[in-house]
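Each of the next two complexes has chain A plus one other chain: chain B in the first, chain C in the second.
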Partner chain A sequence: MKKQKYIRVFLVDYGMVFVLMALCILISVLTISDMHPEDPAAARSLARSLVKEVGSDINVLVVARKTSADEAYATALQDELEAGGAHVVAVELGTPATLRTRLEVLGQQDERVDFVATHDFSSKWRVLSSESRQEMASLYPALSKLKIAKPPSYRWPTFLTANNLIGILNQNAPIAIMAIGMTLVIITAGIDLSVGSLMALAAVVTAKSLESYLGGEDASGLSVVFAFLIAMGVCALAGVFAGVIVTAFKVPPFVVTLGLMMVARGMSYILAGGADAVKIEAESIGTLYSSSVLGIPSQIVLMVVLFIVAHIVMNHTAFGRYVYAVGGNETAARLSGVPVVAVLIAVYAICGLAAGLAGVLDASHFGTGRPKAGEFYELQVIAAVVVGGTSLMGGEGKIFGTFIGALILGVIQNGLNMAGVDSYSQMVIYGALILVAVLIDQLKKKVVKPASS
Partner chain B sequence: MAEDSSLDNLDGPNRPQPLLEMSNVSKSFPGVRALADVSLTLYPGEVLALLGENGAGKSTLIKTLGGVHTPDAGTISIEGQPIQIDSPTASQQAGVGIIYQEFNLIPGLTARENIFLGQEASAFSWIGKRHEHEQAEELFSRIGVPVNPDALCRDLTVAQQQVVEIAKALALKARIVVMDEPSAALTPREVEGLYQIVDELRRQGIGIIYISHRLDEIDRLADRIMVLRDGQDIGTRDAKSLTRDKVIELMVGRSLDNEFPDETRPVGEVRLEVTNLSRGKAVQDVSFKVHGGEILGVAGLVGAGRTETVRLLFGADRPDSGAVFLDGEQLQIRTPRQGIAKGICLLTEDRKGQGLILGQTVQENFGLPNLRDFVSGGLIRKSTETAAFDRYIEQLQIKVTGGGQVAETLSGGNQQKVVLAKWLQRNAEVIIFDEPTRGIDVGAKYEIYLLMNELARQGKAIIMISSELPEVLGMSDRILVMHEGKVAGCLVNDEVSQEDVMKLATGTKDAVSV
Partner chain C sequence: MFKTTWLSLLLAIFVLGCSSEESSVIQDDNNNSVTGVDQVNDDQNSDSADGKIGYSAMSLKNPFFVIISDSLTEAGAAHGFSVVTTDADSDVNKQANQIEDFISQGVDAIVINPTDKEAIGPAIKKANEAGIPVFTCDLQCVAEGIEIAGHIGTDNFQGGELAGNAMVEVLGDEGGEVLVLDFKQANSCVLRVDGFKKVIDAHNESTQTGKITVVSEINGGGDQDIGYKAAADSLKAHPNIRGIFAINDPSALGAWQAVKEADRLDVIQIVGFDGELAGKQAILDGKIYADPIQFPKQMGQGIVEKLVAYQAGESYEKTTLIPTALYKKEDAEKDPELQAAE
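So, the complex of A and B:
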């Protein structure tokens, strides 16, 4: 009985996790294709299996393109071959043409080559086709036994690669960060339509303050940080303003933030002087976006940290309880001594701050302040929160649910891109899936909470 | 009196055919047997009082009749014809009109529009306003209360809205009218009007099922009384054959010697003093004192400014002028938060709307004003909170499965105890009970009374607003009577009669002070 109850509670609170998992499995199955590894690990295992199968008495020519990734691949291949006792005749990093020249030189020198060790991409160069090899074998006896060695191909979902998954997270981090603030607002039974515009405002303010006041091209890293803080401060103030209007004049949040949305967007364009983007010359502007922690882009790390902090605040602090209380029943909360006005203002301020952070990340990403940034993001952010199970009626919702909601939307978009669905059809599917997700949530609640007397 | 003899007597040959028969109805919800083998018979032109404590199954039985719930077993027949009621529409068509406690009126529509809502021939049919208007007036005259059919429902008093609900039922040709706690929000004068309406409907041969907690009303109205307890059918008896004590005994399953606990306490120093408090027209120049160990009853008609006065003490509203002193110190209270900090706490009359966050757990509700007691290092220690709440579960005998139960699922009495628990943890010195037993069943009422006495004995100052005069007389040490925003008098509760209080409350006697 009790166990059943816990399962029910889990389903209500975290049922969306299963939806996310199902989506990932579905997209994985749909995106299974041939994978051709080109990483150093694959190179080393290729070298080992070559030595193991043919013996160490071989002369090998290592071939790859002239890129840094391929260089690492070739180096790993060479090191491992030599460690296994094989002889590496040469390492050719280049193009089919340079490879042909290299083979001709080796043939003329009568330097015996048994294997060309490479990867799938270079193995398809015409110079390495069987006709071309036969031709060379007839010209140069040293190349008569030339064979190709490359890592085995295997079938694996392109969706389920580290690059793609990190890409999804990175792309959706700004929306997910804004969704944290939006979750708080929606739990208080409010809404904030201004986040997309505030994001643009933050990006433009960052650019403008750097270019006009903080030294432009010569701006130091510290100045950039300072510009970020100014931009986020402006957005937080905008949130405070919205909160004050909502609480002091009892104007519905929808209307207040609709107004703020237009004001902020317009101001972004005015500040940008009508330009599509305000260029940021400061060198360290891109650091925030391009840096990484333990190989994970810092934007993702930031997002995860913020979600953890928000989760703790909402579940383990008085402020969190107050937010739920205000959304659950504002009058009862006030009569229980909850500082309702302060809580509401704080919630809108936090939402503005989150939008400001998203704008700062956008500026760092593009190296410009774009007044067009974040267009229609408010809708995606709200969708992420709602798909994550937060009730628009207020009083209920989970930060973790929002995280899952943002991931679900990101994964769907990614899956549709991979499936080659055009952007208009994507919009239709995206919208329909949101409806389905919310519908499932409602049905689930009905099943779990049967009507009582 | 033999258990079912009176029921047998009623089924004599000269009884008309029953209007409604519900036989052996059972209904279970996950984990709860809400109704077990319950049978109800209603004859035309009678008032059947349906009694039982909260959670006894009254609402479930009525919702079964109203097509909200489908019974697991049992049959329903109307005028001898078995009938399947599987939706509210089917119920309406069968001639059942149910007036729920929460009205189903649309505030922005007129009385007329509300009455005929849903009766249009089709969504695009032409609405004959004049015809409807005449019909509405005819319905109101049938009920005996003139209401302007063109008045917006939001502008009507609660009593008038109730009349509109009844008219709506009659417009649907209801022969069975169910009233769920119809007097809960009415003033004594309006309740008198309600009696006349019920009498009028009875005269017209309509069968009425009347649900109420107030035994006065049952005495006045009921022909027969049906009692439910824990979903069990305790039987239906002739109202004349039952005494009040017997009714209570049937409802709670044990005998209660007295409705109110006997208690004498030493009364201490003045703790709370209010001087010349005013706010607009609602509260005018109100002054009074409350001693430690004393229960001050506040009586008056609805609209006399009682709730408005205590809201000023608590900080829910701000006074225009006047002063409040606690233990001799003048208080500056501008918000409930400040009031609570000073030890003044209010249990509101609207428990569900203002006292609790129904969707949250009882423990979260309990913790809301008390979080500072449980916070360390910025984080709430849930184990401390649970321990504190568990103490009150025991001390106040709150019936819950645990702190994690959602407040909405508790009975009224237990909800009231949760609200009380949160203030006790806050160490309240002045506790204001606004209609503390409204909508609470008899057994739980007695427990609340005991708790109030216990708190007074601890030297706290207790203010109790109540519209039930027996409660005011039974519980108070002194009675403050208000009339139209002013203090009409303050009586020491010693040989005071209901009439004495009513004279002051209705303004028929000049202000007196004792």
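So, the complex of A and C:
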């Protein structure tokens, strides 16, 4: 009996993990398509197969784009072909236009080319189409037997590629980071509508402080960090302000943060001087966004670290217990000695700080401070928290659940984008999703309560 | 039960996803499984190439971009490209994400209406680094250090001049005061006003009587609601206004509403811009005097033509600006598009 109860509780608490997994599997199945290998290993195996099949007495032109990944591909192809005894006429890294010029030059020099060895992407360039090749063959005898070789394709879900998965995490990191703060606020039975506007404010403050006080174009890396800290500090202060109004005057958080949302958005526009975006000239502005740790964008690393810290704080510290206690029953918490006012102010400050961090990341991403940044993000952030199983009634919720909630939203958006669904339908699906999550939240109580009492 | 909801939801997506997937035919895969070499056959027709274009539209709420998407899809299909359209919803962050998604899907080309002329730069740079050509359409990107493979848009300055001509024509010998409803956030709209004012200035220099003065240039938001409020306030401040130039149809229609409520329809003439269906209808109904109209259909076709030339390695014009044409009531009466709508 007891075992059954644990399973049930586990399913209720972590059911969303299964939803996420089911989603991933489904989208994987739906996005199965031809994958075209473009890595050096594929290049080497192509070179070996080519030599094995048609012999080493061939003249090969290696073709790829002018990117660092393609350069590695072309080099591997060239090395392996030459090792197999084939003759590499030239390596052409560029665009269809440069390839056409190259072929024409080779044709004029009467340099025989048997094969163009390339990858799928470049093989689709029309300069290599059969029509174009026939045309060239009629002009230049040296190109009359030109064939194209590329690695074979295989079937694999586009969704399940390292690029795409990292992309999903990276794109949703700012929302997930803000959702950490929002989880705390919602556990105390509050809400914070100002996060999207605070995000914009942080981005604009970063841009403005760099432009006006920290040296503009010549701002050093340290100045950029300083600007980030100022921007996050402003947002944390705004959070403190909201927390004070909520606790001192007993104004509902919804109204307080609604006001703050408008004030912060308006201030962002005023600071930006009516411009669409304040350009950040400092060179190191993009470092935060574009740097990576062991190949993983630092934004993702930051997000994961913050989630781990938040998880520990919420489950293993007095502060975490206070937050749950305030949300569960504020009066009981006060009577048992929980510093309710301090906890509430701290929670809104953390939420503001998280929004500030998201704004700083946005500024680093786009190299501008945009007063328009983060419009309607508060809704996405709240959605992530609610889908993650945190109750809007307060007192319960899990940081881990929020992480899963943010991922579910991100995965769905990714799937919808891949399918080319317009933003109208995306809104409908998002809305339906939130309704479903709230329904689950309600049913959860019905399922668990009788069992535990 | 919830899982079934999820499943049906995603099945719907599946159907949508498949329809766009279907047209991408795989190149013939003769003898590759044995040898590990995929040779492209000589008898392969160039039209069967399985290219894929990723299009990130400014906003699919605006019919203008839906037409671009449709024409892109149609023209693309004729050249063997399937087109995936995503809706950036005027949000540069969304658009940047969509471009990143396109890169990881490995599309052959990316087409965007830049949602922000500066901030979309880093995302375009990523596509450049991945070797995927980026084409811009309607709006241009001015960020530095990026490579745009081609651009097609409207000649907005010329369109503004046409609007100016229309205003000079409709105000006739009397001239008078004119209100401009602008939208400075969009460079295209700034050019429209510049072209308009150039013609007005030239007109004023060449004539003694019937001079036209622009008494106010205010933000119409490119939006019916904002345009309405802006026009209503201006009509109170300037009782002698005889003409209104609005930089697009929604704000022109908003202005018409304000003029109607001020009971001055008989003295005030409105010139709009765009030629979207609602605008053309308003011209037919006599609400708007004339529109310089744009040709979004040609934009989709033009982009595909540029892409084909790019892939063939042929030279092509990097930037094409399509001139607008002035559309008046007599054009509306002959317009099959409006007859079909009735």
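Remarks
Assume the second predicted complex is superposed on the first by the 355 of 453 C-alpha atoms of A that agree within 3 Å, B and C clash if a C-alpha of one lies under 4 Å from a C-alpha of the other, contacts with A are read in each partner's own complex, and residues count from 1 in each chain.
Quick note on the criterion: contacts are C-beta pairs under 8 Å (C-beta built on N, C-alpha and C of every residue); 3 or more make two chains touch, one makes a residue touch a chain.
Keep in mind that what you see is a predicted model, and the values were worked out from it rather than measured.
When both complexes are overlaid on chain A, the residue A:317 reaches chain B alone and has no touch with chain C.
Of the two partner chains placed around the shared chain by superposition, chain B is the only one that A:325 touches, whereas chain C remains out of contact.
Between chain B and chain C, C contacts the larger number of chain A residues. When both complexes are overlaid on chain A, the residue A:215 reaches neither chain B nor chain C. By the document's definition of touching, neither partner reaches A:84: not chain B, not chain C.
In the superposed model, A:339 lies in contact with chain B only, and not with chain C. Of the two partner chains, chain C is the only one touched by A:95; chain B is not. Overlap of the chain B and chain C interfaces on chain A comprises no residues.
Per the touch definition, chain B reaches chain A in the complex via residues 27, 29-30, 32, 34, 55, 57, 59-60, 63, 69, 314, 316, 335-337, 339-341, 346, 348, 353-360, 364-365, 367-369, 371-372, 375, 378-380, 409, 422.
Of all residues in chain A, those touching chain C in their complex are 19, 22-23, 26-27, 30-31, 33-34, 36, 45-46, 48-50, 52-53, 65-70, 95-101, 120-121, 123-134, 147-153, 158, 161, 163-164, 167, 170-171, 276-277, 279, 286, 362, 365-368, 370, 372-373, 375, 414-424, 426, 429, 432, 436, 439-440. Listing the residues of chain A that touch chain B in their complex gives 312, 316-318, 321-322, 324-325, 328-329, 331-339, 395-396, 450-453.
Those residues of chain C whose C-beta lies close enough to touch chain A in the complex are 2-3, 5-7, 9-10, 13-14, 16-18, 20-21, 24, 26-27, 29, 32-33, 35-46, 49-51, 59-61, 84-87, 89, 91-93, 96-98, 100-101, 103-106, 108, 116, 118-119, 121-122, 129-131, 133, 185, 308, 310-315.
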